[in-house]
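I've put the structures underneath this note.
After this come two complexes, each holding subunit A, first together with subunit B and then together with subunit C.
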Partner chain A sequence: MKPPSEPEATPAAPAPVNPLAGLDQSVSDFSYDVKYDYDAGTGLTPATIDYISSVKKEAAWIREFRHHALKVFESKPLPTHWATKDLETLDFSKIRYYLSQGAQKPKRTWEEVPDDIKRTFERLGVPEHERKFLAGVDAQFDSESAYSSIKEVVAKQGVIFMNSTEALREHPDLFRKWFGKVIPTSDNKFSALNSAVFSGGSFIYVPPGVKVAHPLQAYFRINAENFGQFERTLIIVDEGAELTYMEGCTAPKFSTSTLHSAVVELVAMKDAKIQYITVQNWAPNVYNLVTKRGLAHENAEIKWIDCNIGSHLTMKYPGVVLKGRKARGEVVSIALANDGQHQDTGAKMIHLADETTSTIISKSISVGQGRSTYRGVVRIPKHLKGCKNNTECDALLINTNSRTDTYPAITVQGQTHAAQHEASVSKVSEEMIFYMQQRGLTEAQAMSLAVNGFVNDLVRQFPMEYSVELKRLIDLEMEGSVG
Partner chain B sequence: MPETISPTGSFTPDVFAQHLAAQTGLPDWWLDAKRTAWAQFQASPLPTIRDEAWRFSTRSGIKLDGYAPASASASAQLPAHASDLPCAARLVFSNNALAQRTALAADLAARGVIVEPLRDALVKHGDLVRRYLNQQHTNLGADKFRALHTALAHDGVFIYVPAGVEVPTPIAVVHQVTGAGATVFPHTLVVAEANARATIAEFFTSAEADAVQLASGVNDLFAGPGAQLNYIAAQAWSSQTLAFQHNAITADRDARILALNVHLGGRQARHESHSRLIGPGAHSEMLALTVAQGTQEFDHRTLQTHQAPHTSSNLLYKNALLDSARTIFSGLIVVEPDAQKTDAYQSNRNLMLSDTAEANSLPGLEIQANDVRCSHGATTSRIDPEQEFYLLARGIPKAQAAELLLFGFFEKVLGQIPHEGLYQTIRTLIQTKLKK
Partner chain C sequence: MSAIEIKDLHVAIGDKPIVKGLSLTIKQGEVHAIMGPNGTGKSTFSKAIAGHPDYTITQGDVLIDGQSILALEPDERARAGIFLAFQYPCEIPGVSIANFIRAAMQARLKDGEELDATGYYKQLYAQMDSLKIDRKFTSRAVNDGFSGGEKKRCEILQMAMLKPRFAFMDETDSGLDIDALRIVSEGIEHMRGPDLGILLITHYQRLLNHIVPDFVHVMYDGRIVKSGDKSLALELEAKGYDWVKTELAAS
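And now, the complex of A and B:
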């Protein structure tokens, strides 16, 4: 590692905050006493679904879809035979499944947004960011999108960017064609739950050949206690088109746990490219149980860049189904688990066509009694030729009682493929710390710098303002972990 | 609808009652252990789809019907590799019963070395055997089949090397099974006291090439402080055998245990191996070679548990897959909170030699201490076409080139076999299998 030559490590002046990324808990740990016009109450019954469907004035097929999903959800056991028993503490009957202020139609201009919601977002800096560089912002407050806009230039290219409730009404054919196709309702218990009560999330369609120059962004926030947020995102990037999408998540700290269970489906048509960036910084009592998967057609590329810092328990394994010849899938994952946190993350690569390639790079840091887990699936079946997978997992343990686990599963059939997996576990080397202390850094600063160095090559793959924020956040999380 | 499969199959209470009635003149604790194990066997279900310990295993192949639990013993026609090997002592079992015996040299016996059939040892060295017998379990999922073993095991081998004694040549143990439906329960218990040294070679064979047979064996190894144990096993059951092997390794302070298993036979063969490093400086070397052919399934489950600081372990499992064979490697390194300065490695290499073979790899880590060096790797790939081309260009026929490259792939493991005679024996066994 490079010795420190820049003053970056010394936390002199506060680093510039990008509140949109929602990374700094001290900024996002606040909630407003919002009066909700629509509230589906606690607990989940067919009546809850009818209520949500009526409020959203949905077509009959969607209501049907939701009811079916509820049955699937109820029939599936919790996956505790492989996942943590911690899931059993979730009480589905105490969760509120739908809350909104009647945001049936997201407000197009900032002025129309209700004042208290505006205050929330202003604290998080949504408008500034829009002014600066963002192509569009879709901010979701509890169940519905409160504010959404898209820069004219992107709209002129024919790009559709709206929340999925709206898209279901305005582009039903496009939506229905891919909805639930990448992640079927019955994929797992939580995708079924989402399918039953989903609300909000983003819908994006990029027409053939359009390369969206700036990233589109969404921001999700949970404002109410005991609330479950179930956004549903569907992104379709047509032939030869390109898109980068970023999402950030935060929630204030409540005394009881909160559930976030999203489903994100990506479709990359022939030669298309999608890059999906997530920075997850939920409060430390959020159960973040998310299903994310992309479908890559011929020569398409899907890349998940996933950073998990917050939440009590995250279970998230972004996947790519490599359906077309020469399709490429990539997952880059950073996880940081502090006291009381379990980051159970990983990746899933399903090869379904010849000459498809996939790469997984995962780096995790466990601080204090934090536990980070890598769980992965790579499957290359026998009727294919020339598929490749490369997986690397590195774990860094900071304290003597930190914990890390690695559970990959690799299945390869046939002799024309190559798959390799490597993982290592280490701590920050004492020599490295000693070297930096010799040069005047405190032990804590040296440790922070070393940890930043560990993830540096991955952090650099994030857009600049995110990577600055990530580094700052790692410093914050490392505070008090040494000495 | 799933058909109902009997969880006990051919192993009815009558079978157990008959077996128990035949155990005359043996200590009560041994009979009690059998009763407990029998109850456990009866009570535990066959593996289900929600059993993570059986992930990727073909569960439909694991049925206990159609076997003849009380197989009549037969005189053994020894395979050449088992009789040629120079050794310090040799015990040969056929269908669970002792068939031949080459006694230990007098000088070793005089120094306290014990190589006895388990039934004799239970009577002559009851307290010593009891201290170690069935004391360590693998806990890797096949407990039901280990319980079946304990309930019905008829005999086995007890090897004891006293403190400071070295046995210079291998101690050989041969288990043969013969007859349709025959079942065997080989048991080998090895105890090496402080600074003792020994090499044990164990061979599992079937008299028929493709008789339906069942085997559930146990080999437990204990190495006291500073002891060095080598355990080399070659499994060549018939191509229709359902096989289980349960291995527990315990290494105390500064002990070094090498366990090398060569897997050749069986229709579906599950091998579980659990190393426990209980004293500082302990080291466990876990090696395996597999040649998987036809529709064979090899299911390897391993665990490296580091319980004490400054311990090390190294695992290397190499599989060569031909035809429509399947392999499963599922390994886990566990570093307990106190086991700082652990150095553990785990590696699974799969060489794919056919378009229909399937390799599954589940290399796992569970680390609860921070000052450790732990890593694992798994690779699955084919023979390097350039290497093959090089050999072909020098006039070596394709089949021979493939064999050379295969032995090249295996050499890193084969090369660790400590005795030249044993090395040749194992090589010949692999070659014989490849010629099939």
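And now, the complex of A and C:
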């Protein structure tokens, strides 16, 4: 038994990082003092909503929308009956719901980004590849985008890519048409919370027939203690158009809980394709309670690729509502739960039209006392014809005290459908580790390799730079998990 | 020239003693063969030397160039030059052969050093060609869905790439057809040289037709009971293991 070592103070030291004290601390565990021009204070009251709406100079309808959402939020109980009692430790009165540096207009060029924010990005190791690679970076520093550049070529194609605050002002009709339609305020307690206090997040509209060649990307980050981040993303891809969107997250480590509660709505019109990729790497005290859903019209395709590492509790079940004939939905997810972490993730596939197809592939890894849960809903009603679902969930347990649970709820009615469900739980065997050690790999390297092997077929679906990052994150998580 | 010295080795699995005082010295450049009936501790002894956690060394020592290796972790022993060709190689789903061997070679470099990828693949392909392994194998997961013969060839490939000083080959001939046996034997014979000490663990003489050992030992009931040259293997083949037992009983 090797005790986990403390992380080195000097960043130059190549000493092993202790994953249990916070993932990738050497990079992520820091926070600059930032002076906020706007601060709604702690707690959530109608006054908080008015403050946010005033700062953002919002239209009356959206202010009303927020107030209504607050009432819904207050009326809904925490979903502790099916989820986890752990949610009760969230103290909503101690959270800051809105902070802003006042830079309402997102920065267009890198030069315009304040130096301290640049330092943050550099320490995170964000930019280089992402900066140059991306069509538009919309990095969320606290509530408002501090940096956002839309590559000209994307704009030339008629693609709108901006933060949601901006979109509400500049494209109110387009925004309002779809906003809250895929995920209504009352969907769940946290979608209601987001609807009340949302700030930032992306808005994307892709006109008919436009295939966006480069993935659009956002980099989110929480940077204020006790500060919940409530970004709201709305993506509409019009007929025959295609889009890939990527989001990645890291957060500094704080001693008190941080709440992240996003809402992401996707709309794929007839024949459209959307691929939404997430790699999340939260600090171990973050509550990550996210609602993500897409609406797929006729022959449209929506694919969620979702990787959850870190956080104290993640509850996230990306879904696709298959509304049009021959629509396709897919969720590919990887979750890694380390000590003190609970990854409660899964997928929802709601079939509402004939010949719709859905696929769910979920792989989870539980390390130490980490707990991973797969929770899925697949619904194919009786009146439909020729629908298909394939669900596959595999869990890997690293230590004897690791835990995994699977709750697949598959309801298929009618005779013409095909549904398939496979689940497996495996352990990394001692023989496998010995075999690899015999070839010269340390126990931790062997474990990393085994885990990377377990998720390899899914990792390959991530874009190159993400799969590299993912492998690195897994390596860091596995260090200290053995011995 | 290095040597691995096994001194009065006793190994137990749980409370059960399996190896009961085995002594043997293998120098680089030598090929030894250990023969013996099932259950005499041949595999146990090789796994114990490699550091398998289920095997407890209760007495004796194993030294490389006079230094005991018993306090070393299995991976440290591997990097010190010990290679174990497994009788039943383990499957590693999702990890390609190319990546696995590369990781093993990278683990032998100093911190900060990077394996040269181009050189690595060149070397890998050359070794695969000589072992008649299809290059498509590089992207297949280690031992995953391999036939018995493919697994053994994959072991030899790893050995050729990792260049150990001492190789313990646990029934590498088992489960091989005539052609595979020839290819595997040629592979081992090809590696034979002044830098490599080999211990072949086998039931049968047939492997020794392909790889002629310098020394042959007979193991019985956890110990080496008889040593000689290649003629001993032939004698065993002719007379059977009962001959050894009878001789032992008589003495």
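Criterion: the second predicted complex is superposed on the first by the 450 of 483 C-alpha atoms of A that agree within 3 Å, B and C clash if a C-alpha of one lies under 4 Å from a C-alpha of the other, contacts with A are read in each partner's own complex, and residues count from 1 in each chain.
The definition used in the following text is that contacts are C-beta pairs under 8 Å (C-beta built on N, C-alpha and C of every residue); 3 or more make two chains touch, one makes a residue touch a chain.
All values reported here derive from a predicted model rather than from experimental measurement.
Subunit B and subunit C, once both complexes are superposed via subunit A, fit side by side. When both complexes are overlaid on chain A, the residue A:V425 reaches subunit B alone and has no touch with subunit C. Of the two partner chains placed by superposition, only subunit B is touched by A:I410; subunit C is not. Applying the stated contact rule after C-alpha superposition, one finds that A:G43 touches neither subunit B nor subunit C.
Of the two partner chains placed around the shared chain by superposition, neither subunit B nor subunit C is touched by A:P284. By the touch criterion defined above, A:G368 reaches neither subunit B nor subunit C. Of the two partner chains placed by the overlay, only subunit C lies in contact with A:R439; subunit B stays clear of it.
Within the superposed three-chain arrangement, the count of touched residues of subunit A is higher for B, of the candidates subunit B and subunit C. Once the two complexes are laid over each other on the shared chain, residue contacts for A:N399 go to subunit B alone; subunit C is not touched. Within the superposed three-chain model, A:K382 lies in touch with subunit B and out of touch with subunit C [touch as defined at top].
The minimum CA-CA separation between subunit B and subunit C in the overlaid arrangement is 16 Å, rounded to the whole angstrom.
Against subunit B, the residues of subunit A that register as touching in their complex are 81-82, 382, 395, 397-427.
Within the complex formed with subunit A, the subunit C residues making contact are 50-54, 73-75, 78-79, 83-84, 86, 89-95, 99-101, 103-104, 107-108, 111-112, 141, 158, 162. On subunit A, the positions that touch subunit C within their shared complex are 14, 429-432, 434-443, 445-446, 449-450, 452-457.
Against subunit A, the residues of subunit B that register as touching in their complex are 50-52, 55-56, 337, 340, 350, 352-383.
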